[in-house]
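Structures for review follow.
Look for chain A in each of the two complexes below; its partner is chain B in the first and chain C in the second.
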Partner chain A sequence: MTIQVKDISKRFCSTQALDNVSVAFGENKIYGLLGNNGAGKSTLLNIITSRIFADNGTLNLDGVNMVDNDHALNQIYMLGEKNYYPESMRVKDALKWAQAFYPYFDHELALEIAQRFNLPLKKKITALSTGYTTIFKIVIALSSNAPFLLLDEPVLGLDAQHRDMFYKLLIECYTKNPCTIVISTHLIAEVAGIIEHCMIIKDGRVIKDAPCEALLHNGYTLTGPAALLDEYLLGKQVLSHSSLGGLKTASISGAIPNAEEIPPGLEIGKMNLQEYFIQLMSDENNSVARFMEDQ
Partner chain B sequence: MQPIFDPHKPIFQSISEWLKGAILTGIYEEEGQVPSITEISMQYKINPATALKGVNQLVDAGLIYKKRGLGMFVSTGARAQLLAQRQDQFFDDYVQPLVSEAKSLQIGAHDLKDMVERGYQ
Partner chain C sequence: MNTLKLMPALRYQLDYMVRALLIAFAVMAAIVIFISLFITTATFGDAGQVIIDIAPINFHFETSSFINVGPIFTIMIFITGIVGIREDLRFFLQHGLGRKSTYLSTLLTSLLCGATLALVFELLDLVFVNALWLRFSAVNISGLGYVGGWLLQTLVFFFAWQLGALISLLYYRMSTMVKVIFSVAIIATVVFAVPRLIGDIIDLVFSNSSDMIGGTLSTLFTNPLNIICTILALGIICTLGNFMLIRRAPVVD
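Showing the complex of A and B:
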């Protein structure tokens, strides 16, 4: 099964939240949806699940329109910011009711995961702490057995130990019951090893959409004396640069060159996903970077 | 023994190097079972496809083999093969950088030899 998002745009008053977004989510892959606050990640996920509607564009599941299509939406579980359960409902009742809403929901699995996290079943959902509210959502998401799991900030408010448990559990569920997973998160370093394909959103536009490995093979850093580096950088697509005295480091977009192509005195380095993301986000509009350079 | 995840190296490579090291040191013995893809990916929180890619490098090199339905096992002779490989690479991986660092510190060949002998004692 494949979700096809085509030319989706969405405007909230004066903000263009999504601008002609086209992406596809293929079967049984783990995607990372990365972007700064307000980039449009949640808007995209909310549109895919018909929680809000796009101004224009199409959404298809295997070629069939999925907007307000119950069959298509049954294939998707979304863990989002909002809680749609009644305020007075207790955790165990919510887990029971989930069976009615999600056709593939595994109630026993939900109880087992809840126990692993020590989720208090008798508490009211609204009385749970921030961390346990997230755990409650995780329990339902991982037990939903839906072919598509959209996880919007799935570790919000979780402590290090619970995050660790969640990532392991996610992989366990994925290997037992392969599905497509889309993780939207700010903790890039933590998911870098898990995600296979990366989509980076900036100001409502998808600026990168590629397998992680290919993405990281398309960026590198060079460090060396400023004059020497500046000369080499002519004609290269520089993402960002910083200076420390006469020593300059630049992040460059493009295929990693061979060591022989680099002038002696310059040192080449690779970027990890988080570094790459940060460099990609810091452009001339980044006031902090500009301020530092003015000094 | 843990894999060393060099953030600047592909993860699958870290996995294959870790597994080779573990076979070389005898943590996984010849004809003994190695962890499954699920176990590896859960333990190190990595995508199962990545773990598989790392492990498959050893399968392709004949260091481990798959038994259908049972799991993966270390081949007989894998240790000797790895040992020979590491010995071949020893000059490039260790001696070259050692000599280049010694040169930059103005340590001559004679002094370096003395130090190596001291290291053996």
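Showing the complex of A and C:
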């Protein structure tokens, strides 16, 4: 099952939220939809779930138009920032109705997850705190067993412990029931270890759409004494660097060298997704982008 | 292929409406019982009639006055139409149902609820036929009989629901500026124009005016069968309007 987004554009008054976006979400993969505030991540997810309509372009699920199509929409569960539940609805009732709408909804699992997070079942959804509202949505999303889970800022308002619990649960559920998960978030460092495929959006355009491995393959980091590192960096394409005391860390573009080629005292590491993202965002035409385009 | 998933939506809306109507019935029953107790225990003068006259759901017809439950439920259904459509649209989209399902489900629910409620009212009117001070059907038109009365009452409920939904969706689709202008115009009409014109409008409808508008309105609203057809037509117009408005309604807030 594949969601195919082709040449989608959306304009809000004078703002071009999406500009000819074409992406595909394949089966059983974890995607990271990354971008700054206002980049167009939520707009894209809202269009996929027919909450809003694109100005032009096509949206297909296995070749069938999925705009306002019940069959296609029922394959997707979207955890969004907005609350679309009636004011008077209680958590337990929401779980009951989720079971009625999603044929594979696992009620037992929902109760188990709710218990793990201490989610009060008898409370009205609108009476929950921001964090618990997010937890409530997480409970439904992970129990829905929908083939596509679209998670828009899934850890909004969650404390560190609950965020950790969520990521572990997500992996647990994904392992048990593989599905396609799209995580749209600002917290790149937290999801870097989970996502398999990166889609980076800037100003309504997808500027990167590749497996994380491939994106980070042509770069590495080196850490060590500043003097030693500076000497090694001569002639190298340095993407970024930071210093703490006498220690310095630099991100360098290029194929990862063999351990023997690195001077003793320097430690080599993989390039960090967040670092890559920041570089890419700071200037789309900077050395990272040019270098990656060349590959 | 667009397979509509109507059943869960219908179940959800009917469940909500049944509970809402049961609560409304309980409140109404409490009020009616309370007033009835006062009427039957009042032994001096015209006290019973006075109680009916001051009851909050009192209606006057010719020389008699009575408590009528129907209009209260019609208003309730109208408000349900206003509130329900947007709430259900959001909730159903969250649960993977499109706008066509929301529209069709709302249409069927309004018809089912309207028909059932009208039937209950007709039956209650039969039961309480001797209690002249108590009526259930909002519309009592002589010459219609029970079946005709049920049909008309059903259509009134259906129209009230669809009209509520239409107003709600109109506001939903309007830009903020248009909303403000529209609201001010409505308030100005209700506050200033309607009280001045209401007498003229009634005269226009019920007089044998040779004027074209007056004649048309008289034809539409004076014959029982014509009233049924008119309410049905109004309901269908609202329903079509709802379809046009909901099919491209964005859900973002």
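Just so it is clear, the second predicted complex is superposed on the first by the 230 of 295 C-alpha atoms of A that agree within 3 Å, B and C clash if a C-alpha of one lies under 4 Å from a C-alpha of the other, contacts with A are read in each partner's own complex, and residues count from 1 in each chain.
What we mean here is this: a residue touches a chain if its C-beta (ideal position, glycine included) is under 8 Å from a C-beta of that chain, and two chains touch if they have at least 3 such contacts.
Being a predicted model, the structure only gives us computed values, none of them experimental.
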item	value
Fit-or-clash call for chain B and chain C when the two complexes are aligned on chain A	fit
Which superposed partner A:E213 touches (first chain B, second chain C, both, neither)	first
Touching partner for A:Y102 - first (chain B), second (chain C), both, neither	second
More chain A residues in contact [chain B versus chain C]	C
Contacts of A:I171 with chain B and chain C, given as first, second, both or neither	first
First, second, both or neither for A:D70, with chain B first and chain C second	second
Minimum distance between Cα atoms of chain B and chain C in the superposition (Å)	27
Contact set on chain A toward chain C in their complex	46, 49-53, 64, 68-71, 73-78, 82, 84-86, 97-98, 100-102, 146
Chain A to chain B touching residues, read off their complex	30, 164, 167-168, 171-172, 174-175, 190, 193-196, 213, 269-272
Contact set on chain B toward chain A in their complex	5, 7-11, 37-38, 41-50
Residues of chain C defined as touching chain A within the complex	1-5, 8, 11-12, 87, 90-91, 93-101, 247-248, 250-253
